[in-house]
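The two complexes that follow have subunit A in common; it is paired with subunit B in the first and with subunit C in the second.
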Partner chain A sequence: MQTSRARLFKEYKEVQREKAADPDIQLVCDDSNIFKWTALIKGPSETPYEGGVFQLAFSVPEQYPLQPPQVRFLTKIFHPNVHFKTGEICLDILKNAWSPAWTLQSVCRAIIALMAHPEPDSPLNCDSGTLFKAIFCALGTSEAINLWRECILGLLPHQRKVDLCRLSIRW
Partner chain B sequence: MNHPEATTDTSSSSTSSNGNPCPICLGPFLEESYLDTCFHKFCYKCIVQWTKVVAKKHFPSTSVKCPLCKRENFSIIYGYDGSSFQRHYLTQNSEHRSFFSREHKYRLQCYYTEPGVLKDIINVSRYWKSGKYLQQNRWLLNWLRRDLQALMQEEEVDIIVHHILGVIDSFLGRTNQIHHKGLPETKQEEFKELVSNAARPFLAAKTDRFVQELEMFLASGFNIGAYDEVYLQRLGWNTTRSTSEDTEGETNEHTSVVPYLYIFDEDSDETD
Partner chain C sequence: MATPLLQLLSSSPFPRTGFRGPFGFGGARVLCKFFAHGACFKGEHCEFSHDWKDPPNNICTYYQKGVCSYGSRCRYEHVKPSRTESTASSSSTIPSRTVSKSVTTVPAVPHELSALSRPFILPSKPVWSLESGKYDPLEDSDVIEPRNVKPADRSICAFAAAGSCPRGDKCPHIHGDLCPSCGKHCLHPFRPEESEEHLKTCEKKQKQLELLKYSQEIECSVCLDRVLSKPSAAERKFGLMSECDHPFCISCIRNWRSSSPTSGMDLNTSLRACPICRKLSYFVIPSVIWYSSQEEKQEIVENYKAKLRSIDCKHFDFGNGNCPFGTSCFYKHAYRDGRLEEVVLRHLGAEDGHTAVRFSRKIANKMKCACDLFQSRCEILLFQTQTPVVVRIACWIDTQSWEAERQAWCFVVSCML
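Up next, the complex of A and B:
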C-alpha cells in the first residue's frame, strides 16, 4: 500500500537527518526493502544491560502505521518480557496500545525503557520473571542489581538461580 | 541537511522542515481535521482510517482515543473555512444507531444532491404571493425533527425543533398582527433570514440548504410521506416503497433497492 511506503520513507529521511539526536539508537533500513529495518540500541545505563548493544529486527506490515510493526530481539537477552529463544517482545504499545503516532524511532525508545523497567508480572520469559522478582524481593537494591547483572550475563550457575527462587518463597 | 540542535522533547519530528506534520502520515496536512475534545490535528483521511481500525476492534464504538494524548473523542471536526465546519461523528462508523433509520439516511443523502430538485413541481413564489404561508403546517414539527436528526446525526434535537418553530410562529404572529403590506418577496427574505439565524449555530455550512428544503416542504403543502415520494421519484431513487408516512415507522429492509450513495464509505480501501 502506498501510504505505508510514503510514511516509512518520511521516517527514513527523519532518521538520516537526526542521526546525532539519539546516540542510543541506530536505525538502519534494509537496502532493498523499506519494510525491513534493524536497529542497534544501547543498553540503558544503571541497568545490567549497560555497556551492551542489542540488535532489533523490525518487520513492518503493509497497513502501517494503522498496524504496529513486529519487533524482536536478534541479540539474545535475558529479560522477563522477552522470549529467550525467539526474541519476541511483550510490550503493550506493540499490541493493543499501539497508536499510529508512534514511529520506529519512538518504538526503540519504548524498548529501551522496557529494558530499564521490566514488567515481571506479564513475563514472556517465566524463568526470568520469577528470578527477577525473587532477586528484587529478597535482596537490597544494589545487591539485587549486581546479582541480576550476573543472571543476565549468564554468570550465575543454574543451582544458584534455583536456590534464589526457593529462598524467595521462604522469605 | 543537519540540524545541530538536538530535540529534547519526545515528540519526534518536531524539528522537521515542514513544521509539524500529520502524526499519522508524517506528511503535510490534507484537509485539516481536529478531534473534538483534545483538538489534536490530523489529515481527515488519516484520522478517519484510524477510527475505522479502532471501530473494528472495539465494536460498537462511539469514541476514539487520540493517537497522541489518548483522550477520548466523539467526533472529528473538519472542513473549517473560517466561519463554519463539518463534523464526522464516530457513531457513523457503525450502522447500528437505533434512531438513525433508513429514512434519516435518505434525507441526509438528499442534502448532498443538487438543490432545487422539486423546483418545477413546487411553486415557491406562489406560496408567498398567495399568503398560504400564513396557515399552520401540521406536519412541520415532524418534518423538522426528522431532517434535523438526519442532518446533525443526533437523536436529541427537540430543543432546536422548538426553537425554529418558535421563530416561525413569532414571524407569522407579527405578520398577521400588523397586516403588513410588504411585498411577498420581502416576507420570504425575512422568513429565510430568521430561520437561517436560528438554525446556523447548529447546522453551520448546511444551513442554507436546510432553509431551502424547509421552504420547499412548506410550499409543497404535502405531508411527509407524499413529499418523500415525490423527492425520491425526482432523484430517480424511487422504489416501490422506501419511506413510510409516519416518521417513527419502520421500513422493510428487504424491499429496498435504493442505490444509496454511501457518502461516508468513500474510502473503503481494504485491498492491499
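Up next, the complex of A and C:
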C-alpha cells in the first residue's frame, strides 16, 4: 500500500514534469484518490483513429507495481482488441506480460501502439477482428486503411461488411 | 609560523614543566598542545593557554615513568628525570635538566621509579638557556629522532600528511611524497613497500568512492526511487541480476520475484525475468554498490557466493534435512563432523527405461544441448515442480545409438562433478 502510493506519487511528479514531452498523452490523477487516473490519448496518425481523442480510465491495484493497473476505454472505440461495450482492453502487458518497470505513461504509449497495430488474432471484439482481417487480407494496404477507416467511423454499409467477411472466408 | 614561536620560546622566561596542569611551575600557564597543533575544541574555555607567548609542555610523561611505547618515534621529548633534578626540583631554582642525547629508549630503572614516587617537578629554567644563548628546537628534536638514523627508520610527519606542517623544512620527521589519489603527503620516500601498499589501498578507496558516487544516482525502475536514498539501511542495497545489467532495489526485485503470479503469468518468463529486458535470471545478488564493469560484477557475485558458502544450509540441516536446491544450493552442505556432502547422481526412480535424475536447471539445459548434439534418441522432458527441477530423461535406446547414449551420460556426470 505504502510502496504503491509512493510509486504513484513519483509517477505523478514525472507526469507533471514531462507534460510537454509527449503531447499525445494527457495523464490526470483523480483529485481525491491517487489510485484512480484518467488519460486522454490522441489517435495515432495514419490510422483511422487519427484526429480522435480517446479517454482511458485507470484503476490501480494496491499491489501496484507488482500487479498491472486495470485500464479501459471510456470512449467508444471500434477496435479488434477492445471490448465494444465495456471498453476492456486485451493487451498482454496488462495481463501476463506485465512487468513492474512499466509506468502508467508507458501503458498509454502501449495502448496507442495497439491502436495503430491491432492484433486481430486475439480479438475482444470478434466482429471487428474478423472485419479487420477480411479487409487487410483482401485488399492492398492503402485501400484497406481507407476502408477500415470507413468501418470504424460507421460509414460502411452493412451489406459491404458481410461481403468482405465472405471474401475472407474464401481466402 | 615556526620562527616567531622559536623566538618566543628562546626568550621565554617560563619553565617547561612536566606537570599535567594548566599552570606550570611558578604559576605560568602552559600552552595548550591542541592549540599548538592547530585546533582546540575547547576554544576560549580551555584551561590551558591559547597564547603563543606561553611555553608548551613537550615532555613525555610515559618516558619519565619508565616506558614509552613509542620509543624513538615519540613526538614528545624523552627527558630523563635525574636524581639531581628531583632534589633540585623542590627548590626549583637550579636548572639542571639532563637531556639524554644518546639513549632514546630507556627501560624502566627501579631507582628512577622510586625517585618518581615523590611528586616530581621539573626545573624552572630550561637547560638550553644555560648551554647556548639561542634555543634551537631542532637540536631538541634531534634527541627524539637523530638525523643519523637511516632515513627508512625515520617516521613520516603526520602534520605534513594531514595538510601542512608548521615546522616546514626544519621538521625532524620526513615529509612524505604526494599521493596522487588522496592528495596527501603520506608516501614514505624510503619505504617503498609501505608507500606502494598505501597507493594500492588509496586507489582502491578512491575507486570505491567513485563507484559510490555513481551508485548514488542510480534509480530502481520498480519503485522509481534512487536505490541509495531509501530510508532504511536494509533497503539501500542493489539487487544484481545474474544475467543482465539492470539495476533494482534488492527489496523491489525480491518482492517482484516472489509475488504470486496472476493468472496466465509464467514463473520463468515473467517473474524470474528482468522487468526491463525480460532476460531470465536464476538469482539476484544483493550489493551495497553498483558496478561499472563485468569484472566488478563478477567479484561482487563471487564474494556473495563465498559468504553464503560459509553459512550452513538450513534446509540441509547437517544432513538431517533435504535441501530442495540440491547441488546448486549456495549454502554450505556439511555434516556435523565437518564432512561436506558428497555430490552424487540421484536416481529418483527408474521404471521401464525411464531414468529420472535430479539436476539444477542450468545443467538440465546444458544436457539438453548435449543430447541434441549427440542426436541420440533421448527425449528430455523438463518439467518444473516449484523448485527442485526434476529432469526426466527418457531414453529409448536402440542398440545402434548406445555409444551416443554413453557419451551423453558421460557429459551429464562431468556436469555434476
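Note that in this section the second predicted complex is superposed on the first by the 170 of 171 C-alpha atoms of A that agree within 3 Å, B and C clash if a C-alpha of one lies under 4 Å from a C-alpha of the other, contacts with A are read in each partner's own complex, and residues count from 1 in each chain.
Quick note on the criterion: contacts are C-beta pairs under 8 Å (C-beta built on N, C-alpha and C of every residue); 3 or more make two chains touch, one makes a residue touch a chain.
Just so it is clear, the model here is predicted, and its values are computed rather than measured.
Asker: Tell me which partner A:Ala20 touches in the superposition: subunit B (first), subunit C (second), both or neither.
Answerer: A:Ala20 contacts subunit B only, not subunit C.
Asker: Kindly classify A:Glu62 by the partners it touches after superposition: subunit B alone (first), subunit C alone (second), both, or neither?
Answerer: After superposing on A, A:Glu62 lies in contact with subunit B but is clear of subunit C.
Asker: Considering only the touch criterion stated at the top, classify A:Pro157 as touching first (subunit B), second (subunit C), both, or neither.
Answerer: Once the two structures are laid over each other on A, A:Pro157 reaches no partner at all.
Asker: Under the stated touch criterion, which partner chain does A:Gln105 make contact with: subunit B (first), subunit C (second), both, or neither?
Answerer: first
Asker: Is A:Lys95 touching the first partner subunit B, the second partner subunit C, both, or neither of them?
Answerer: The answer is second: A:Lys95 touches subunit C but not subunit B.
Asker: Determine, under the contact definition given at the top, whether A:Glu11 touches first (subunit B), second (subunit C), both, or neither.
Answerer: Both subunit B and subunit C are touched by A:Glu11.
Asker: Specify the partner with more touching residues on subunit A, choosing between subunit B and subunit C.
Answerer: Touched residues of subunit A are more numerous for B.
Asker: Between subunit B and subunit C, which residues of subunit A are contacted by each of them?
Answerer: The answer is residues 3, 6-7, 10-11, 14, 63, 65-67, 99-101, 103 of subunit A.
Asker: Sort out for me which residues of subunit A touch subunit C in the complex.
Answerer: 3, 6-7, 10-11, 14, 63, 65-68, 95-101, 103
Asker: Give every residue of subunit A touching subunit B within the complex, in rising order.
Answerer: By the definition above, subunit A touches subunit B via 1, 3, 6-7, 10-11, 14, 17-18, 20-22, 62-63, 65-67, 99-101, 103, 105-106, 109.
Asker: Can you name the residues of subunit C that touch subunit A in the complex?
Answerer: Listed in rising order, the residues are 221-225, 252, 255-256, 259, 262-266, 270, 273, 275-276, 278.
Asker: Per the contact definition, I'd like the list of subunit B residues that touch subunit A in the complex.
Answerer: Answer in residue numbers: 1-3, 6-7, 10, 12-13, 15-16, 21, 23-27, 46, 49-50, 53, 65, 67-68, 70, 269, 272.
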